[in-house]
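Some structures to go through are shown next.
Shared between the two complexes below is chain A, which pairs with chain B and chain C, respectively.
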Partner chain A sequence: MRIGITKFPGTNNEQDVLRALSILDVKGELIYPWDDKKLENLDALVIAGGFSYGDYLRPGGIAAQSPVAEKLIDFEKNGKFIIGICNGFQILCETKILPGVLTTNLSTKFICKWINIKTENSQSPLLQNLESIIKIPIAHYEGRYYHDSNGIKKINDDDSVAFRYCNEHGEITQKSNPNGSLENIAGITNTKGNVLGMMPHPERASFDYLGSDTGRQIFANLIEEIKC
Partner chain B sequence: MLTTEEYSKILDVLEREPNKGEVAVFEAMWSEHCSYKSSKRWFHLFNEKAPYIELGIGEGAGLINLGDDLLVGLGLESHNHPSAISPYDGAATGVGGIIRDILSQGCKPIAVLDAIRFGNIEKSQHSQYLLENVVRGISFYGNCCGIPTVGGEVEFAPQFEHNCLVNAMCVGVVQKNKVVRSMATKLGSFLVLYGARTGRDGIHGVSFASKDLSDKSDRDRPAVQIGDPLMEKILIDVTLELVEKELLEGLQDLGGGGLSCAVSEMAHKGNTGAIIRLEDVHLREDDMLPWEILVSESQERMLAVVEPDKLDEVVSILDKQDLTYGVIGEVTDNSHCIAYFRGEKIINLPVELIVDGFPEPERIAEKPSYLDEEDFLIPKIEDIKHEILKLLSSPNIGSKAWVYQQYDQHVQTQTVVPAGSDSAVLRLDNGKYVALSLDCNSFMVYLDPYNGTANSATEAMRNLIATGAKPLAFVDCLNFGNPEHPDSYWQFVESIKGLGQFSHDFNIPVVGGNVSLYNESFIEDKRERINPTPTIGMIGIIENPEKLIKNNFQEKGTFVVSIGECDGNLNGSEFLRNNFGILQGKISQYDKKNEESSRKAIENLNQAGYIKSCHDISNGGLITALAEMTFKNEIGVKLDLLDNDSFKILKPEEFLFAETPSRYIIEISSEYIEGASKMIEGKVSFSILGKTITKQKIEIENFLSMDIKQLKNAWKKTISQYMEN
Partner chain C sequence: MQIQTANCLHYGVKTGIFALVTYSGKAKDVVVLNDKEVQIIFRDSISAFDGVKKEELAEKGIINCLTSVKLFEILDEYGFNTHFISKISDSKLLCKKVTILPVEVVCRNISAGSFCRRYGFEEGIKFKQPLIEFFVKDDEHHDPLITESVAVQMKLITDNEAILMEAITRAVNEVLLKIFDLISLQLVDFKLEFGRTTEGQLLLADEISADTMRLWEKKTGEKKDKDRYRQELGDVIVHYKDILDRLNSIQKLPNYKPLSTARVIIKLRKSVLDPAGEVTFRSLSRKGFKRIESVRLGKSAEIAFNAVPSSELQTEIEEISAKILSNPLIEDFDLTIRHHLEKSEKEHVKEE
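Here is the complex of A and B:
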C-alpha cells in the first residue's frame, strides 16, 4: 500500500498526517512538487495543510500549477483516493477537482479553535463509520466555503456535502459556523466520492491526548478502501 | 552612536583611525542590544548550573537534557522598538528571530509563546491598533512556519502606551549527538551564508533599539526588518536536513548586527578569525555599499561553518531547495575579522575587540522618587458583587481568546494543553510532557523590583507546579528603561538581584535570555517609562503523563482547598489598580520558605493521586482563581468560611482580592480529603474552603451568591468588545 503526502514549500502538516497514518500502521511517503512521476505508483494521496508557497497570490493558487497538481486530474479520474485537508482543500478547489472556492473568513481573522462537525454524506467510502458529531480543530484564514446558488444546489443534489459545522448537539446553527461558510459547509466530496476536501484537521483529532481521536476514522477508511 | 570613551578605546587598540565600515561594525556590536554593556556585569548573580544543563547562557538556545539524550532548547527575545513603530512587521520578525536562534543549535522548533504589553485598550485607539497588528504579525509568521503558538501573556497598562513590549519565546528539540554550536573552530572551514538575500532593511536596527523612542521615531521605520515566513519555513526545513546529516561544523542566525555580528561572534567563541568576501553575498539591491552589507539585518538568513569535504553535499541540498547561498569566506587563525569587497579591504579588526572590547560604561543606580510617594486612602467597598464583575472584566484578567484564536496552536500535533491555562503542555516523541509558562507581573515589579521580580519568577514556577510539572530551567527577557537614568538603572539592578536570588533558592538555573533597555521616551517633554518588566519563560517536565493536572473543576461534590496563607495585602493588586486606579504601597515580600512548603504540598498530593484539579492564585486573587476554575465545565462552588481564620481576620475584599504569592486552590474528591489533609497537616498552611456544587453559582455562605454565567460574561467579552467595533 502506498499513500503519498504532498510537501510543497510552505506545507507544514505533512508530519502530522504521517503520524496519524503511522498509528494505523501505514508508512506514508512524502511527495514533492516535482515528483509528478511518482504519482502513478501511489494508491492514494493526502494533500496536507499549511501554507504552500506562503499562500502568496492566493491559498493553493501556486501549488495548483505545480507538476504534481497537473497529474491530479488523471489520478482522480482513475478512481484513486485523494484527501485534501485545509490548504489541501484549497488546492483541490484551485485545480477544479472539487467545486467552489474558499475565501477569507467573515471575521477577517485567522481562526484556530476546536469546533464540531456533522457528517452528512453517506455515499463516500471515506465517510463510513464516522461518529455523527466529530470534535475537531480548525486553523485557517481562508476557509469560508463559497459557490454560486446553482453550484450549492448541485452539491446538495449530488449528496456531495461531507461535513457541516454544527453545535455540540449536532444542530446546524449560525453560531456554530466559525467562518461564514455557505450552508455551514466544512467539507465536500466529488460526485464519485473518491475525493474529499475539508477545512478541519482530522490528523489533529487522531489522538486522545490531543483532545479527540474521532478524526482518525477518516484515515482508517482510506486505508480500508485501498486494501479492498 | 559611539561615545567618546568608546572611540578612544578603538583608537588605542587599533593605533589608527577606524574607517567607515569599521565604525558601522562597532556601532552595531557595541550597542547596548548586542554588547549587554550595562547589564552583563550583573549576570554573575544568576544560578546557571544544574546537572541536566547541556548549554547555558551565550548562544541562540539554552539546552536542557530531558533524559534519553533528548534535549530541549529555549530562547526568549524582545522586539519592542520595531513593534512600536511597525507592529505587524516588528512582531512577525520578532517571532522569526527567536525561531532562528533555536535553530542555530540544531533544534527543531516545536512551540512559540509571546508576552505582549500595550497601553490602555479601553481608551487608546493607538493601543488597539498595536494589539491588532502585533497579534496579526505573530499569527501570520508563526502559523505559516508551522510552529504552534501555545501561550504567553497579554498585559495592559498606561505605562506601555508609548513603549509596547513584544517578547517572543521559542522552544525546540534536538538529539544530543546532533547539537550544533555557534562557533567557528576548524581552520580552513568555509563560511556559507544561506537563506534570503541581503537588502537594506534593518540597517542600524540594533542602534535604533538601543536608544529611547521619541515622537520622531517614525523616521526609523527603515530600521525595522520585513519578514517572509515562507522563506523562514524553507530555511527551517533545509537547516534541519543539514543538521540531521551532520554536515554543519557551526551555525548562527543573522540577527542584530547582521553579518558582522555572526562572523565575529562565531570566530570569537572558536578562538579563530575569519576572512569574508562581501561580493559573494547575494543582494536584493545591487548598489548596496560594503558596510551596509556587513550590518544589514535582513531576515531569514543563516551563517554556517562547513568543513571543505562537506561543502559539496551542503551545496547540493541548498540547490535542491532553490535556496540562495554564497560561500562567502573562510575560518582563519589570525584572530581578526577581515572583510574584502572586490579586492578592497573594508574592515580589518581583532575579533576580541569587536565582541568583548567595549569599555564598560559607568552606570549609576538610584532609588526612584515615586517609591517615596505619600500614603493613600484605602477605598471603602460598598458593593462587592460590582467589584468582582469589574475586576473580571479588566483586560488583564479577562479571557484572551480573541488573541489566542488567531494563533495556530495545534500544528505539529503535540499540543496537549493550549493557551489559556496555567501552562501550555506539549507531548514529546518520547511520550513525556513538557510544560511551559511565560510570566511577569509588571505592576508588582514597578512597586518593588526586587520582590516583584522574585515573585514573578515564583508565579512562573507555580504555573508549572499547578500543571503537575517539575520546573527545570528558565529564560528571561529583561525589559527596562534607559540605563543612563539612575532611577531606571536601579529598577534593573534590583530586579536582576531578585531573579538571581530566586534561581539559587529553587535551583532553577537561567539558560538564556535577552536584555531590552531604553524602553522609555519623551513625549511632548514628558517622560514616559514602561513598568519594569522582567519576563520569565520557564520549562518543566511531566515524566508521567498521568500526573498532568487540569486547571478547572472536574466534578461536583468535591472538596475545594486553599494551600498557602492569604496576607490580605492589596498593594499592587489588579483589584486596586483596575477598580480604583491605585498603584502604590508596599507589596508582599518574596518568601522562599512559604513558596517551598506550598510547592512541596502540591507535589506530594499529586504524587499520591489526590489532586483532581489545581490552579495557582495570582492576578485578581482568590475570587478570580475560583471563578476561572468554574468557567470551563460550569461547575459551581460553595464556600463555608465561618471557621476560616483568614476570613475572620481580614476584610472581605482583602480575602477575595489579595494576590499573596505561594498559594494554590486544589480540588480533592471526598474519598481522599482525609488522607490529603493528613499528608500536609503541619507542613503547610491550608484550609478547606468548601465544595463544588451542582448549582452553577459561586456562593459564600451568608455573604455572596453569583451566577457563573454572569461572571463568565464579564470575563469573556473584555478584549473582544474593544477590538471588534
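Here is the complex of A and C:
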C-alpha cells in the first residue's frame, strides 16, 4: 500500500500525518511538488496542511499550479483517494477538484483551538464509522467556506457536505461556527466520495494524549478502502 | 456619397471590377482577393487638406510602397503585428484583410502641423513625453480630434482597443525614433491606422511612409515629408526617395528590449464579505474620517512582459488574471496594459 503525503515549501503538517498513518501500520511517503510522476504508483494522497508557498496569491493558489497538482485531476478520475486537510482543502478548491473556496475568517484572526464537528455525509467510504460528534482542532486564518447560492445548493443536493461545525451537543449553531463558513461547512467531499477536503486537522486528533483520537478513523477508513 | 467611376477614385468608393471588390482611397486602392487577403495598390496621387489640394507625382506610389514595406518589415522584426504579408510588385502589397478602425492614432515628439494650428503653439517644441492623440477618420468633418472616452462611448472602438492602440503606438514610436536617429532624421510625429481581423486581432494597417509622418533632417531641421507638398517647398519626390534610400542603407537594426507591463487589480466581489476591509473601515471611522462609506481591500499585481503590446499579449494577461491571479468565485479583476518606456543605457549598465 502506498500513501503519499504532499510536502510543498511551507507545508508543516506532513510529520503529523505520517505519525497518524504509522499508528495504523502504514508507512507514508513524502511527495514533493515536482514528484508528479510518482503519483501513478500511489494508492492515495494526503495533502497536508501548512502554508504552502507562504499563502502567496491565495492560500493554495500557487501549490495548485505545481506539477503534482496538475496531475491531481487524473488521479481523482482514476478513483484514487485524496484527503486535503486545512491548506490541503484550500489546494483542492483552487484546483477545482472540490467546489467553492476558503477565504478570510470573519473575525480576521488566526484561529487555533479545539472545536466540534458533526459528520453529515454518509455516502463517502472515508466517512464511515465516525463518531457523530468529533472533537478536533482547527488552525487557520482563511477557513471560511464560501460558494455562491447555486453552489451551496448543489453540494447540499449532492449530499457532499462532510462536516459542519457544531457545539458539544451536536447542534449546528451560529455560535459554534468559528470562522463564518456558510452553513457551518467544515468539510466537503466530491460527488463520487473519493475526495475529502476539511479545515479541521484529523491527524492532530488521532491520539488520546493529544486530547482526542476521534479523527484517526478517517485514516483507518482510507487504509481499509485501499485494502479492499 | 456620390459613386465615382473606377478612373476617378475617391476615398471609400466601392466599385466592382472583374468581380473583385475594390475600395479606393486618396492615394491607394484596395482589392479584396478573398476572406483573408487584400491587395493594396499605391498610386502616384498626393493630396492635402482633406483632398482640397491634389496632384499626381511620378514615382510617388512606388516610393511610398517600398518605404512602407521597409518599415513594416522592421516593425515585424521587433514583434509588432502588422497587416503586411508580402510585396507583390514595387507598388503592390499583399496584406491581411482587416476592418479599418474609424479612429487613427497620432504620436507627437515635437510640435508641428495641426497641433500648432489648434492651440496656436509654435512649431518645434520638444515634448517631455510623446503625446498621443486620437482622430476620427472623417474627411467631411476634417478628421476631428476625439477623446478616448468619446471614441469608446460612440462605439468607434472598444475600451480594450483604445488602451492597446495607445500602448502599441508608444512602442512603435520608440522603435521608429531609434531607426530614424540611425539615419540622421528626426521623427517629429506620425499617424497609425489600425485594423481588426475577423478573429478580433488588432493589426497595424494602412501605410507608414513620408505621407503619414513628419521627418526633419537632424542637423539642419530641413523638412523631408509631406509638409514639402503642403507648404509648397518643392522637391517632394527627391526627399521621399532620400528617406527610402537611407532606410535601405541600414545594415543592422538597433537593439531594442521591448517591455510591456500589465497592472492587474484583484478585488473581492461585491457579494463576498470582506472582513479585512470592514476592520479597516471601522478603524478609519474611529479616527474621525466621517465621510467614508465603505472600504474594500484587494490585491494588485504588476507584470512585466518582454514583448511589445499586442492582442495576443492582452489575451494572455486576461488568461493569467482570470485563471490564476484571481479566483472567479470570490474575486473580480481590472487590468490595464501599458507600454513601458525603455530603460536608459545607464540603468542597463547598473543592472549588469
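The rule we apply is simple: the second predicted complex is superposed on the first by the 228 of 228 C-alpha atoms of A that agree within 3 Å, B and C clash if a C-alpha of one lies under 4 Å from a C-alpha of the other, contacts with A are read in each partner's own complex, and residues count from 1 in each chain.
The criterion applied here is as follows: contacts are C-beta pairs under 8 Å (C-beta built on N, C-alpha and C of every residue); 3 or more make two chains touch, one makes a residue touch a chain.
Fair warning: this is a prediction, and the values are worked out from it, not measured in the lab.
In this overlay on chain A, chain B fits alongside chain C without clashing. Looking at the shared chain after the overlay, A:Gly170 reaches neither chain B nor chain C. Contact with chain C, but none with chain B, is seen for A:Thr103 once the two complexes are overlaid on the shared chain. When the shared chain is aligned, chain C comes close enough to touch A:Gln65, but chain B does not. Of the two partner chains placed by the overlay, neither chain B nor chain C lies in contact with A:Pro125.
Looking at the shared chain after the overlay, A:Asp148 reaches chain C, while chain B stays out of its contact range. Of the two partner chains placed by superposition, only chain C is touched by A:Glu94; chain B is not. After overlaying the two complexes on the shared chain, residue contacts for A:Leu57 are found with chain C alone; chain B is out of touch. Between chain B and chain C, the partner in contact with more residues of chain A is B. After the two structures are overlaid on chain A, the closest C-alpha atoms of chain B and chain C sit 8 Å apart. Comparing the two interfaces of chain A, the one with chain B and the one with chain C have no residue in common.
Chain B makes touch with chain A in their complex at residues 139-140, 143-146, 228-230, 233-234, 321, 404-413, 415-416, 427, 545. Taken in their complex, chain C has these residues touching chain A: 271-276, 279, 324-325, 327, 329-330. Put simply, chain A touches chain B in their complex at residues 9-10, 12-13, 15-16, 19-20, 50-51, 53-56, 109-113, 137, 139, 201, 203-204, 206-207, 209-210.
Residues 57-58, 61, 65, 94, 100-101, 103-108, 146-148, 151, 180 of chain A touch chain C in their complex.
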